[in-house]
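In what follows, structures are represented as structure tokens.
In what follows, subunit A forms one complex with subunit B and a second complex with subunit C.
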Partner chain A sequence: MNKKFVSVMMVVMTAAFTSVNAQNKTPTAEELLAKVDNNEVYKTAEYDGELIIDHNNRKFVKTMKAWVRDNSDSFIEFLNPEDKGTKYLKKGGRLYVYSPDNEGVMLISGHMLKESMMGSDMSYEDAVNNETLASRYNAVVGGTEKWRERDAWVLDLSAKKKTESYPKRKLWIDKENGDLLHYELYALSGAKLKEYNLIKAEVINGKRFPVEVEMKDLLRKNSKTTMKMNNVILDKPIPDAVFSQRNLER
Partner chain B sequence: MSTQQKMGGTGMLVTIAYRNIWRNLRRTMFCFAAVGIAVFFIIVYWSMIGGVQKGIRDLVQIFDLGHVRVVSEQYDADSEFMPVQYPVADGKNWKEMAEETKNIPGVRAVFPRIATRATLQESTIKHAVLWGLNVEDEIKENTFNMTDRNSGLVEGRYPARGTNECAVGRVFAENSGLKIGDRIPLKTVSAQFSDKMWSPEITGIFNFDYLKIDERFIIVDFERLQKLLVMGEGTQQLIVYADEEKLSKPIADELQKAFGEGSVVSEWRDNYWAAVMESITPIYTTVFMVFLIVASLLIINTVVMIIHERIKEIGMMGCLGMTRREIVTVFFFESLFLAAFGALIGVTIGGTLVGIGSNYPIRLGDLVGSTFSEMPLANAIFFNFNPMKLVYAWLLGVAVASIFTLIPSLKSAFVEPVEALRR
Partner chain C sequence: MKHLVLISSILITFALTTPAQNKSGGMSFSGVFESAVSATAGAGDAPAVSYGIEEYANIRMQSRIGDNATFFGAVNLIAAGGNYAVRASSLGVDIDNGQNYTAMIELERLYLRLKSETVNFDAGLMRLPFGFSTVWGPSDFLNPKNPLKPDARPRAILGGGLSWFPNDDFKMQGFAVTGRDPLAPNSGIAGISADRHWDRASIQALYSFERSENFPGTALNPWTHRAGLSLKADVEIGLVMDMLYTYNDNIEDKIDGLSFSAGFDYSLFKAKLVVMAEYLYSGAASSTSMRGGGSFINENYLYTGLVWRFSDFTNAGIALISGIDDASFTPMMTFNHDISQGVSLTAMAQIPLDKDLLFNDGNRGEFGPTNIRTHFYLETKIKVRF
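What follows is the complex of A and B.
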């Protein structure tokens, strides 16, 4: 009896120790970055979005319908009355916009990419980048920290290319589920430019998906943008026609 | 000397003083030249500063604040970003506000305006300012070109109401290579923080001779911009013109009462540069005084030398019965004549130059380029010719020189006749 009890206890303790050890074991920076990149990869996504811009104590809410494919193609149509008819198409690393006032499609390129997207704290550039973080940044594990009461790995990234919009990034990755809890974007000078916070993530189709996030452009006074994604459908086939210029002008 | 003049009277003393100044012509001419040059430069600089002040005042009144401007408090706080999210009186119909404003005594005209930043898509110029005006109405009120004092249109026409048309500055057109008929694809942000893509067609090219506007502004119809930016019937700015400039303050006070808290009512004098130029008046007045004091030193020197040269003559005058006051009067008037004639020469030459020059622009912008781009300074400034300023400059010249020569003149009073005759 005693022998059996000791054996069971040893198994339980070994399991517990292994589990704790696995959680505390420092993964490599590459592993963490791969985890972050992997979390953002899905075949297709379709959702109803809400863009809430808080600026100088005023709130602007925009609603949209979005379709995303392979992280490279996306189509967004704004539905709120002020922006009704405004559509964005990201395809092949290029961003096109249709605005009813313009009576035509316009390519957002060059210096325009630095502009704020729909008055939010995100720039077009933030939206248009397709490549994984691992292919754009060198990473170093900066230790562990608590982020809003969650244990997180801290990852310091430095850009591989000089042309990168944000030469430095700092990521807080949830130790338990790999969620990207928080990140900060820095200029070459070290000045912090933007902050991202994960507000809420849900498991959809067995994958953790951020359904509510917050972005702050620190160069804008009293400004914050919250992005909510509702009715998320992952990995449902989306016709090619959705990601076409014809759809943009329709 | 007139026989009617009383012997020993002031008239006779003045006559003696007048005759004395011609006793040494060369020295007198030097004194005239010194005072004349000082007064000449005072007039020229004064007119030039006056021209710059007037130029700034005109620019502020035409392009920025009108005589009085009403904006929201939030707009005023962030005005450098030209936000359209904070319309006047929370987006109240601008026509209603204009009608109410016109009821205030002294108000001549009220215009709505919107200015907002735009990012250009293809142009070599990346950023511009979309300026929404009721162009036709504003042209009747304002002469936009700062040199020729006309509408400033050099080619084509201004945008028609409610259309996707625009007019660009001459410098903008040159730098971007755009011409009439071309479209300018651009992006701006609406009052609801929405991206607005727009491609207005260029129908006109203007030249206001004001680099800031000619280089960066795209004039569009107010109503079209109002609609594009989803501003309803509201306006970003309400520009008020008074019957007379001096009515700006009472009108501003009335409007502040009418619009209440949450609105900022500014008169043109509140503009930073207009205020700076007003505040430097004591500085340049001091500089002018220094000019005159330096010129007066020559007269002081002359008077001291005269007294020294005529020491026996002063003794003789004393012996013949002239009082000390009469002797001082002679020397004082002598220096007064030197100052008065010198100043008159300066005023005549300076006044003539400024009078002629006031009809011809000084192309300051061509000389300094965009060095003072933040300052509301037109490309061309004019001398500000004002006959009253000529009179004032003459009086200033005479007064300063007279005061400074009074002390050496008094020295003649303390010459003892017997002592003087003995030398």
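What follows is the complex of A and C.
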């Protein structure tokens, strides 16, 4: 789920929740979590993205071109004038950024992972984890609820390791089409830290794809980040060279 | 000045005419504009109070030529008055005096990159960085760093480099650049470096040699050799070690050729507070020393800094740049705020201190007011990205 948003934003997270079909009976927590994990059904995705950050009555709009592969590799190039030339490469579990100001590539790691990505409601940390939710969390079905007029399964997750950034998560999964409609991220204390909402999904190449989503960092007052994806192309081969450090410096 | 205007005109003309020929993306422009004002309470022979204003634009151009070549160019356009104009004049920068301002144009970048599957070739006026240190930069001997000037753009150097990428985690680079004196036809610097990256660590090894008749005072032997090693590790805490050893027959005490830095950075309170420190040993003839092309005259220095992030758009910091040998210090306060998209406000203040200022004992330090000619310096800047 967190991975979903990453897919969406970093292109590393392919954010495809299409393969989940409507269920007539109550699925197990493991089945639901497997569906969420398996939603990265695309080999590749390529799109033009728009990142809209609303923060304290100020709006920041960033445009980008993004490429994603196998949910582990992604490359983003920002195109809006203020950030032009800034590029991100996620390869495996590593995240690199190229800044045109200092003309250098920097590995984002350690404490820097906790910082906001390009001023958005998403942290770098949200973008780098490649492991499946099933491998990181224990899940229980929390029942069914309506989420914005949609019938959804509710899944409660608790981290297997103490080192998880978000020890608890709660997911709302569309009963009919398997879309991840909404999720919430919690601290160990139970405080809600972040919220994700699916705004719009479209069928592309016969698969459902989230083309507009939003994330709210609840520790930031009056803030949300909306991600829109246009001209989405799925499963088109992308050369290896796209996902390379050399491409950052090109 | 005129020749720079000519170069800039050619660059811009090239930029404006190239897109039609360019099948891979055309010429793109980006840049930064800064409007700065400053006030200084002078020390030593400097005026007691002075002011300055500067308008600065860094304009970058890039054009992809086919699939395997890219052209890069950048110029700095500067109009200055007061403090800033005096400083530029004292540096011997090529300036043009207008009615009430001084104008400067600097050619900052001008190079071409050719690339194949595993090899890049760069030639021209370009950035050639070395090492992972972000404060003192002992390895980055072609672009000496100075924490007193944190906003300085990395300096370019004229030359060429051939980089080989056998895989994404490994890079070997050979380079050859002109010497520090462009009018010395028999000087130059060449070398080789290797970079290796792992998940949480990176290492760089460097060797270079330089032929120069006058650096660093090489009357007997014009050859200077440099060997460097830089390490960076991220294990929750960020660690960096950077060193460069300079060898020349004329360096009497061989330890004088060593420049070594080590430091860390760490964040607390969910990354709201960032703490960093970096120590520097700067041998008297090393890359960071004034004699060796750097900025410093003593041997032991310490940078300590804190940055508090009020939000993802506003932060304030305080840094203390310390000369340990002569007990001189320059505290530096900074404030940054993103006003709107692409527009930010920066304020920075420096207060040089030394023992003479505190005890009036005549011990004037390197970072003290007399040497820096400043009791207090305040600068505010509006920065616009475009």
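A few notes on this one:
To be clear about the criterion, the second predicted complex is superposed on the first by the 225 of 250 C-alpha atoms of A that agree within 3 Å, B and C clash if a C-alpha of one lies under 4 Å from a C-alpha of the other, contacts with A are read in each partner's own complex, and residues count from 1 in each chain.
Here is the rule we use: a contact is a pair of C-beta atoms (placed from the backbone, for glycine too) under 8 Å apart; a residue touches a chain by one contact, two chains touch by 3 or more.
The structure presented is a predicted model; accordingly, all values stated were derived computationally and were not measured.
In the three-chain model built by superposing on subunit A, subunit B clashes with subunit C.
By the touch criterion defined above, A:L107 lies against subunit B and subunit C together after alignment on the C-alpha atoms of chain A.
By the touch criterion stated above, A:G142 is placed in contact with neither subunit B nor subunit C.
Of the two partner chains placed by the overlay, neither subunit B nor subunit C lies in contact with A:P27. When both complexes are overlaid on chain A, the residue A:D83 reaches subunit B and subunit C alike. By the touch criterion defined above, A:G119 lies against subunit B and subunit C together after alignment on the C-alpha atoms of chain A. In the superposition on chain A, A:K91 makes contact with subunit C only, not with subunit B.
Of the two partner chains, subunit C is the only one that A:S244 touches; subunit B does not reach it.
According to the touch criterion, the shared surface of subunit A, contacted by subunit B in one complex and subunit C in the other, consists of residues 55, 58, 60, 82-83, 101-104, 107, 109, 111-112, 115-116, 119.
By the touch rule above, subunit A contacts subunit B in their complex via residues 53, 55-56, 58, 60, 62, 78, 82-83, 86, 97-99, 101-104, 106-109, 111-112, 115-120, 221. Interface residues of subunit B, counted against subunit A in their complex, comprise 74, 78, 85, 119, 121, 126, 185, 187, 189-190, 192-199, 228, 230.
Remark: subunit A residues 55, 58-61, 81-85, 91-94, 100-104, 107, 109-112, 114-116, 119, 219-220, 241, 244-246, 249-250 touch subunit C in the complex. Per the touch definition, subunit C reaches subunit A in the complex via residues 28, 30, 32, 60, 62, 70, 113, 115, 117, 120, 127, 129, 153-154, 165, 168, 171, 197, 199-200, 202, 232, 234-238, 265-267, 270-271, 274, 309, 311-313, 338, 340-342, 385-386.
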